[in-house]
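Both complexes below contain subunit A, partnered by subunit B and then by subunit C.
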Partner chain A sequence: MDLNLDAPHSMGTTIIGVTYNGGVILGADSRTSTGMYVANRASDKITQLTDNVYVCRSGSAADSQVVSDYVRYFLHQHTIQLGQPATVKVSANLIRMLAYNNKNMLQTGLIVGGWDKYEGGKIYGIPLGGTVVEQPFAIGGSGSSYLYGFFDQAWKENMTKEEAEQLVVKAVSLAIARDGASGGVVRTVIINSEGVTRNFYPGDKLQLWHEELEPQNSLLDILNAAGPEPMAM
Partner chain B sequence: MVVSSRSSMPPRLSTTICSFNFTGNIAGPLNPSGVEKLIASKMMLPGSNRRIHSVHRHAGMAVAGLAADGRQIVARAKSEARSYESVYGEAVPVKELSERVASYVHLCTLYWWLRPFGCGVILGGYDRDGPQLYMIEPSGISYRYFGAAIGKGKQAAKTEIEKLKLSEMTCKEGVIEVAKIIYKLHDEAKDKAFELEMSWICEESKREHQKVPDDLLEEAKTAAKTALEEMDAD
Partner chain C sequence: MTFTIPIENGNEVKNAEADSQRTLYPYVTGTSVVAIKYKDGILMASDMGGSYGSTLRYKNIERMKAIGKHSLLGASGEISDFQEILRYLDELVLNDNMWDDGNSLGPKEVHNYLTRVMYNRRNKFNPLWNTLVLGGVKNGEKYLGMVSMIGVSFEDNHVATGFGNHLARPILRDEWREDLSFEDGVKLLEKCMRVLLYRDRSAINKLQIAKMTEEGVTVSEPYSLKTFWEFSAFTNPTVGAEGSW
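And now, the complex of A and B:
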């Protein structure tokens, strides 16, 4: 089996951003892979752009880092000129500008989430081609394929902070179970009017799903069971 | 300011511009602006020699002074507003726009091969933080105001504005007050006839910079003339 250690670092990834009643929650897994080798099993894919705006990165690790760095720099200058914190919309637009204008060279899907005093909590999804879509929740990365149906069923408007975070952790954990390119720990970032809170959920403490559970009432129990005891004479 | 009333020289700062910005209690925050345009020749069509220009959907500029210089400033403001929107994806905040325009005007005071602009500008706009009014002078200074005036009669206009209770006025009342002030300041003996040009940005104009509707303009003119007659009658 070829590990292909020369492959560029890719973040297979599962990234999620959801709005709730009062702010946003961003969540991500922590696996960075180089081909089949896990280069970093505890990476932080949720990067800060400003005090009140963060971005979830997926796709090429290098591309997403460079784009984030540029936008952080532009936003810093913008904040100084404006004299007040940048809005989430402006942050998303700057990312979109870079993503669209360099679409031929970049391979990174991003989810921008934050809180500002004008619009409150907002999530913007910026997938591969450089479109910007403002959404009540967004999912991205290779692991997100397994979450579309889940969110259709589980998502609702105006959740509380606790409900929303539970939803995010559950979703990332489900994706990690099915997607080989996602794994490690679950990191979440909560952004609201009061500020930013980072949370960490170790991989071995996550809920087990389906085939990971201990079998119950399985045929295997019968096969594994000891044979009948010889009768006492 | 020196005024030349003969049309052989281009009129220098001969127009008075008066505008205010405030939060009215009933009709909401707003920004009416009025310009007293001295008519240089009876051959000119009414409505020509525009002094108030839209810089963007949500912002407008009134120019007093050399019209040609004013054109440059307006063009620059339009360009800055457009480029901000294309980069940041939102309408340019009025504060940011005024700083950019002031910076440009100031630039022209720094180098020996450039001459300063021969006009002042009042920039009014409505952004996320409500309506705002800024004045940019030829020196490149820019301040935010609740009431401002430039041009020939600016001192008297400022005195009149200070008498008003801006925080208690509505949209329409503001328009009428501006008209009254301009009519009051116009000196019948010294100057020729004038044309009143007005624009506003308020909730009623859907937060967009527009010419004041004709019926309201007429109402304002009539009210102003009546107020003048009442004053003369005393």
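And now, the complex of A and C:
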């Protein structure tokens, strides 16, 4: 089996951005792969651009990192010149500028989410090609294929912060269950008028899905717990 | 979307297009736009879908926009290129207003500008991957034209893009008349959009109809069309021939 360890680092990924009645929740898995090998099992795909704007990265790890770096740099200068925090819309448009003008070279899909005092919580999806789409929620990455139906059914407007975060965690967890390119832990970032909160959900904190079993320390524990003749039919 | 090319040491490397002067491929695309001239001006219809390959990914994209006071632009094809074209037109309209001379860009001028942009990009092998429909009314004169990504440009009484060319235009050739009322025009466009909904895989059931008259542009709220499935041949396809399809 060819592991192809020289393949470029790519974040197969599942990324999600969701608005709720006070701000936004961004969520992502944590797997970065090089071909079939998991190069980083605990990556942080939710990257800060400013105090109030974050971006979920998917696709080529290198491309998404360099785009985020440029936009963070531009936004930093923009904030100084403006004299107040940059808006989510400006952040999205700066990413669009790079994504569109370099569409031949870049392979990264991004979800920008944040909170500003003019528009409140906003999510912008920026897929391959550099289209910008403002959405009440956005999903991206290879794992998102498994979530279109889920969100069609489960999404509602004006959720509470707790409902929205539960939805994001559940969705990333479902995608991880079926997408080989997504895995690891679920990270979330909540952004609202009060500030930013990062959360971390390791595999054992998540619900079990179809044909998944409760993790054990060892077979020996099962054998010992089951009584004196566990192997007898 | 990316393709492998072998390099000297024999290892294959995945490499995206490094040279920007090459024909691209579309990612997020819009499907047909259909437009007709009617008694008071122009009617244009398009759905609100943005497809990502075969996935119907975005369902709230507005593919028709007002340009200045006298024109309406509808686009099919790559949405990011359409967004870029809107930026170019913003600048065009801004400069036109800055002259402050009482004149304003009419649909003929906008159509001509777009034709030049699209054709010149085509010549550089770096097209904007769109087919554009430009309609408008200025000083009582109705105008309806189309520009494709290779720079083909013309005017007509009714135009359509993509699948619309094959499915909608035959209907329009049969049923379009010079003095269509607003109601008849809308019904005619809805007839076309319904056929497209049945037969175009990238169509979604959420559309807008835009109206352009001397008074200005109105784009309707998004709405859905009813569809009919109760033909006996549909409900009982194999009656009289069990085992067939």
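What we mean here is this: the second predicted complex is superposed on the first by the 212 of 233 C-alpha atoms of A that agree within 3 Å, B and C clash if a C-alpha of one lies under 4 Å from a C-alpha of the other, contacts with A are read in each partner's own complex, and residues count from 1 in each chain.
Assume a contact is a pair of C-beta atoms (placed from the backbone, for glycine too) under 8 Å apart; a residue touches a chain by one contact, two chains touch by 3 or more.
Quick caveat, the model's predicted, so the values are computed rather than measured.
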Taking the superposition on A as described, I'd like to know which of subunit B and subunit C A:Gly35 touches: first, second, both or neither. neither
Between subunit B and subunit C, whom does A:Leu94 touch in the aligned arrangement: first, second, both, or neither? first
Which superposed partner A:Tyr148 touches (first subunit B, second subunit C, both, neither): second
Quick check on the superposed pair: does A:Gly203 touch subunit B, subunit C, both, or neither? Answer first, second, both or neither. neither
Counting residues of subunit A in contact, which comes out ahead: subunit B or subunit C? C
Could you tell me if A:Val133 is touching subunit B, subunit C, both of them or neither one (first, second, both, neither)? second
Once the shared chain is lined up, is A:Gly120 touching subunit B (first), subunit C (second), both, or neither of them? neither
Subunit B and subunit C footprints on subunit A meet at residues 96, 132
Could you please specify the touching residues of subunit B with respect to subunit A in the complex? 87-90, 93, 95-96, 99, 128
Would you tell me which residues of subunit A are touching subunit C in their complex? 6-8, 96, 100, 103-107, 125, 127-133, 135, 145, 148
Given the complex with subunit B, which residues does subunit A contribute to the contact? 78, 81-83, 87, 89-90, 92-94, 96-97, 118, 132
Contact set on subunit C toward subunit A in their complex: 1-2, 11, 14, 16-20, 22, 24, 26-28, 50, 52, 55, 57-58, 60-61, 78-80, 83-84
